[in-house]
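Consider the two complexes below, in which chain A is the common component and chain B and chain C are the respective partners.
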Partner chain A sequence: MAAGGSSRRANAGAWLYVLPALLVFGVFIAYPIIANIASSLVGPHGDVGVVNYTDAAHDAVFWIALRNSVLWVVLCVLFETAIGFVLALAIEMYIPRGQAIFRTILFLPMVITPSVIALVFTTIYAPDYGLLFGAFNAVGLANAFPAVLGDPATATYAVIAVNVWQWCGFFVLMYCVGMAQIDRELLSAAAIDGAVGFARVRYVIWPLLRSTTISLAVLGIIQALQQFPLIFLMTEGGPADSTQTLATYIFQTGFVLDKMHYASAVAVVLFAFSLALIMLQYRIGRAERTAHA
Partner chain B sequence: MPKHGSATRLLAYAFLAIAAFASLVPTIYMVDISLRDSADSFSPVLIAAHVTFANWSQVLSDSNLIGFFVNSGLVALITVLLTLVCVIGLSYAISRLKIRGGQVMLLVVVSALLLPLASLLIPIAKLLAFLHLTNNYFGLIGPETALGIPFGTVIVKAAMDDIPVTLEEAARIDGAGSFAVLAKIIVPLIRPSLIVVAIWQFLFSWNEFFLALVIMTETKVKTLPLAPLYYEGPFMTDPGKLFAVLTLIAVVPIVAYVVLQRWFVAGLMEGSVKG
Partner chain C sequence: MTITASWTCRARAVLLSAALATASLAVTGHSPISTARAADPTVITVWSWTPVTPTMTAMIAAIEKAHPDIQIKATISPHPVYSVSLQAAVGSGNMPDIIGLSPGAETQQYRPHLLKLGAVAAGLWGADWQKNFSPALLTEARLGNPAGDTDFYALPQEAQLNNLWYNIPAFKKAGLDGPPKTLDELVADAEKLRAAGFIPFYQGASTGTFDVWTFLQIALQTDQEGVLAGERGEPVWDKPGMIEAAHVWQRLFTDHVFQPGALSALQYPTGANLFAAGRVGIISLGSWWLQQTGLSDQPGLKTMSDYGIFSFPAVRNGGAATPPFGGVDFGWGITDTASKSPAELAAAKIVLKEFISGVGEQEALNQLNDLPAFNGKTPGQTMPPHLTEVYDSYIKQLASAHPHVIGDPVINQSLISGLQAIGAGSMTPEAAMQAVQKTALAQQKAN
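Showing the complex of A and B:
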C-alpha cells in the first residue's frame, strides 16, 4: 500500500469508480427495500401500524401462497439437485466423449424465454389435444388423463415440474464445472483404497462438491421463490387460488386488486422468508464444514 | 478417469440420451406446431404429418413483431453495457484501489444476490412512475442493471483479485494512471469473467417478464417476453401462428448460447479454478 498522501488521493479517485454501481444499486435496490417496509406499515385508511400483517394472518389465500412457496422451494431444490448431480456425474465420470454436446443440450431450456416456455407447456398439458394427452392416449390411458392445470390437486406440481425441467441444465453445468476440478489422482488414490462404484460417489465425489451444492441450493431457493411468469401465464394463480405463491400474490394484490400497501406486507414476508432460508442454508453448510474439519 | 466397463458406459449414454430428449421435446414440439396447417394444429402428436410455412410467412410480415425485437435488443444491449461499467468500476475500486469501506460495500451488494425481484417490484414500480420512466426503456434498464450488479461483482471481483500486483506496479512506474491500468491491463486480463457476466446479463434481460409486465404497458415499448400475451388472444384459434411467434422469440437466446457457450463454460471453469 502506498504512503498516506497518495493513498488518500487514490481513495478520492476510487469513489469515481464505485459511483455508477452505488447509484444504480442505491436507487433500484436499497431504496426499494426501505420504501417497501415503510409502505407495508401504512393501513388502507392511511393509518400507521401493522394492520396489513394482521390482515395477512387472517387471509386464507396468503397462507395458500406461503404454503405453495415452501412447496416450490423444497421440490425444486430437491429435484434440481438430484437430477443435476446424477446427470453431471454421467457426463463427467462415465462417458469418454460427447461431454460438451450433452452439457449444451441440457442447458438449452435455461436460455429459453420463460413466457414462451409457459405457453408451450400449457399446450403440452392441454386436455384432448396436448402432447401429454397424446402420450396417455398412446398407452390406452386416455380416460385416466387428469385435468393437470385445471385441477387444484395437480396444478401446482405441474408448474413446478416445468421449473425443474428448465433449471436442471443449470445444475448439471455447475456440477460439471465442479467435477472437472476434482483432482484425478485423488480419485485414483481413493479407488485403490476401495472407493469404487457407489462408495466413490457417496464418500468422495459428493463431499468434494459440497460448496457447489450449497451455492446451487441458495440459488435454487431464490429462483423458486421468485418464479412468476410460469405461474402467471399457466394458471394465473388458479384454479381457486390453489397455485398462488408469494410472488404471484404480490402481483395479484398490488397490481390487480390495487392494494399496494397490503402487497408490500406480503413482499416483506417474502423478503424475510428468503433471508431466513438462506441463513439456515449457510448455517448447515458451516456446521457441516466444521464437523468435517 | 477411472475405467468403466462398456456396459456401464452404454448405460450412461442411454440415460443421457433420454435426458437430452426430454430437454429438447418441448422445443421440437413448439417448432413443429409452427409448421402445421390448421387441420393438424390440435392433434396430440409430437410431429404432425404435413408441413407448411404459411404461418411463418404471415408472422414474419407482422410489423409489430419487429418492434418487440428492437425494444428487447436495445434494452438488453444497454443493460449489459451499463452492468459491465458498474461492475468493473466497483470491483476495481474494492479489489485494486482498496477503497475505504470496500468490504462493507461488497457485503451489502453481494447479499442482494439473495433478493427475490418480486419483493422489490412494488416500490420499483412506484419509483419509476414518480420518475416518469414508466413505458420508457430506462424503466427496465435501471432495475435490470441493478439486479445484475451482485452476480457480476462476485465474478469480476474474484477475477481481479487473482491478477498479480506486480503487473500493475510495473505500469504505474511507467506513469500510467489508475484508469489506464484498468483499461490496458486489468480489463484484457479478466475478459473470460466479463464474457460470463455479459452472457448471463443478456439472457436475464432478454427473458425478463415480471418487470416488463408491470412497467411496459404500451405496445410500442413492449419487450419480447410480453409478445406471447399480446399474440395469445388474436391467435387463440390459430396455434400455428402463435407458435411461430414463440419460436422466433426463443431462437435468439438459443443461437446466442450455442455460439457463445464455449466461452461461457470456459469462463466458469476458470473462475472456479481460482475461486
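Showing the complex of A and C:
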C-alpha cells in the first residue's frame, strides 16, 4: 500500500511537471485544430455536414492550390537540399579561407523580410524596366525576355525560385554544421580505403549527413506549405489563380471572400497533407536507420 | 578542410543575430496612435487601414484639441493585417469602438456588430442629412444590405473617382497634343509613347482591384445598366455589352497598350512610383493621386502641372468616353462595443462627426488625402491653378458618379480571375465572362 501510494504521489508529481506544457499544447495547438475541424463541418447556412469538402472537390481553384502546394514541397525541398548540400560542400571542402564570409553572405537572405524580397524580385522579373530585362536588352534579346510572373504557366516556378534563393542559405548553414561534426579520422580512413573525390561525398559524407537531411526536409516541407507572404505580395495568387497554394487560398476564402467555414475545410486538407508528408518522412528515416543498424 | 569546433559557436551567433534581426523587424509599426491627454478622458478606440498614419495623427490631434474630454487610440495597419485583426477581435468580443470600412462586402461582413447609423446621422446633421452626400456614395454605403434594409452601417468620410492619368511632358515628347479620345487613338498613342521611351499604359494587372476598376470603366460605355446590376449582384456578366467590354480589355493586352508582363506588375507601389518618376505615359488611378502633391518636392508633381486626368476613351465609333465613375473611398462604422456605455457611445458619435464633416476631415482634406464625402468641405490651403482645376473637376464629377464597387466579393474575385485569364490568353472573353456569370448565378442561388 505504502509503495502504491508513493508511486501515485510520484505520478502526480510527474503530471504536475508536465501540466504547463500540456496546457500550452492544449490551448494553442490541440484546441485550434479541433475547433478548425468543427468549423469546417459547418455549411454556409449553418447546417452541419461535409458540404465544404464536397464544394472543394468541385472547386477548380482548390485543385490548382493543392497541385501548387505539392509543387512547392517537391521543388523547394529538392532544390534547397541539393543546392544547400553542394554549396556547403564547396565551402567546407574546397574554399581554403574566408568560409565565414561565404556562410554569412548565403545566410543574409534569411534575415530580409518577405515584403522586401517580394518587391525586389518583382522588380527584377519585371519586363520593360526590370533588372533582368536590362541584361537581356543589353545583349539585344529584349524581345525574347519572358514575363515569368505574368504567365500562368511559369508564375509559380518564378515564385518558388525566389523561395529557394531565400532558404538555400539556411540549408547551407545546417549542412556546414553537420559536416563539422563528421569525425576527421573517419574521412582520413575512408581516403586510405580509396574513397576520394565524388566517392567520398557519395559513400561517406552524404550518408553521414542523413539525419541533417531528414531534419532539413521536414523543415523544408513545413516552410513550403506555410509560405504565404511571398506569393501574396508577388502575385496575389494570380494571374488567374495560377499561383494559389492552399495557404493563400485559405486567406482568400476566409478573409477576402468571407467564407470562413470553407477556409477551415481547406485548412483541414492542408493539415492532413502536412501530417501525411511529415509521417512519410519520418517513416523513411526510420526505415533507413533500421536498414543501417 | 578547415572546419573547427568554434564554427558551432559562430553558427549559433549567426543564428542568434538572424533571429534578433527578424524579431526587430516583426515588432515595428502597429502601436496605437495617441497623444498625451488630460486625466480621465473618454477613450475611443479606432482601427483602420486608412488614412495613412501621418494623416490620422493630424486628424486625432485636431479632434482631441476640439474635444479635450475625448482620447482617441487609433491603430492603422496594412489591409491584410487589419482584416485578420478585425476577424480575431470579432471572435474574442474585443472590437474597437470605430472601424474603417470599405463599402459592400466588408461593411456587410461586420454588419451584425455595427450600429445602425441612419438615426445617428439624423442626430448629427439633421433629418435631411442625406443631402450632404452624393447619390453614388449613399448607394455604395448601403451596398449589399439585406432586402428591405435601407439603413446605413457605415458612413463615408472620403470619396474617390477612378479615371486615367497621363504624364503631360511624356505626351509632348511623344508628339501628342493631349489624351486620346477613342480606343484607336489610345492604341496609336501607346505606340508613340513606347517609341519615345515610355511605358505607354502601365497596368499593375496582378492587383485585381485595378483590373476590375479599369474593366468597369470600359463596361460603363458598353452596358451601363449591366454594370450597375452586376454591382448589385445580379447575373448579367454574359450580356453582349459585358462581352464587348471584355474584348476591349483583351485588346489592351494584344495591341500592346499595356506594358509587357502587365499581369505580373503591381499597381502599388511599382506603378505609382514609375508614374511619379515620369517613366509612364498613362495609368489607371484616381482622385487619391492628388495626395502626391504633399509627398513630393518635385515641382511638376507638387503642383500637378506635369499631370492631367481623362476618362477612358470611347470604345465605340461615335461613342462617348466613360462617364464619372467612383464612390466611397472609405467610411466608418460604430461597433456595438461603443454602446456598452452611454458616455462612450456619445463620444464615438462625436468622433464620427469630426471624421466625416468636422476638424478631422478638414485635416485629411488639407493633405488632399482624397475627395470629401461630405458636400461643401474644401481644402484649407490655396492651391496652384492647375491643381485647383483638377480638384474642382473631380468635385463636379462626384455629384453624378456611377458606383464603382461590386458588392459580392465572390463575384468580384471571379471577375478578377476572368480578366487575368483573358490577359494571359488562357481564356477567351466569352469563356471568361461565362465563368463569371456562372459564379454570379451560384451566388444568387446561395443567397
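The rule we apply is simple: the second predicted complex is superposed on the first by the 265 of 293 C-alpha atoms of A that agree within 3 Å, B and C clash if a C-alpha of one lies under 4 Å from a C-alpha of the other, contacts with A are read in each partner's own complex, and residues count from 1 in each chain.
Here, a residue touches a chain if its C-beta (ideal position, glycine included) is under 8 Å from a C-beta of that chain, and two chains touch if they have at least 3 such contacts.
Quantities reported herein were computed from a predicted structural model and do not represent experimental measurements.
After superposition on chain A, the partners chain B and chain C collide with one another. In the superposed model, A:P44 lies in contact with chain C only, and not with chain B. Looking at the shared chain after the overlay, A:V177 reaches both chain B and chain C. In the superposed pair of complexes, A:V73 makes contact with neither chain B nor chain C.
Legend: residue contacts after superposition of the two complexes on their common chain; A:I231 is shown touching neither chain B nor chain C.
In the superposition on chain A, no contact is made by A:L209 with either chain B or chain C.
In the superposed pair of complexes, A:V164 makes contact with neither chain B nor chain C. After overlaying the two complexes on the shared chain, residue contacts for A:A147 are found with chain C alone; chain B is out of touch. In the superposition on chain A, A:Y125 contacts chain C only, with no contact to chain B. By the document's definition of touching, neither partner reaches A:A65: not chain B, not chain C. Between chain B and chain C, B touches the greater number of residues of chain A.
Touched by chain B in one complex and by chain C in the other are residues 93, 96, 100, 103-104, 107, 110-111, 113, 119, 123, 128-129, 173, 177, 180, 184, 187, 232, 251, 254-255, 260 of chain A.
Those residues of chain A lying in contact with chain C across their complex are 44, 61, 92-93, 96-97, 99-100, 103-104, 107, 110-111, 113, 119, 122-123, 125-129, 145, 147-152, 155, 173, 176-177, 179-180, 184, 187, 232, 234-236, 238-242, 251-252, 254-260.
Every residue of chain C that touches chain A in the complex is listed here, in rising order: 1-5, 7-8, 10-11, 14-15, 17-18, 21-22, 25, 80, 83-84, 87, 105, 109, 199, 205-208, 259-266, 269-270, 274, 279, 409-410, 413, 416-418, 420-421, 423-424, 426-427, 446. Contact residues on chain B toward chain A in their complex (touch as defined above): 1-2, 4, 8-9, 11-13, 15-16, 19-20, 22-27, 29-30, 33, 42-46, 82, 85-87, 89-90, 92-94, 97-100, 105, 108-109, 112-127, 142-143, 145-147, 149, 153, 178, 182, 203, 206-207, 209-210, 213-214, 224-229, 232, 239, 242-243, 246, 249-250, 253-254, 256-258, 261-262, 265, 268-269, 272-273. By the touch criterion stated above, chain A contacts chain B in their complex at residues 1, 10-11, 13-22, 24-25, 27-33, 35-36, 39, 83, 87, 90-91, 93-96, 98, 100, 102-121, 123-124, 128-131, 133-134, 137, 165, 168-169, 173-174, 177-178, 180-181, 184, 187-188, 191, 196, 200, 218, 222, 225-226, 228-229, 232-233, 246-247, 250-251, 254-255, 260, 263-264, 267-268, 270-271, 274-275, 278.
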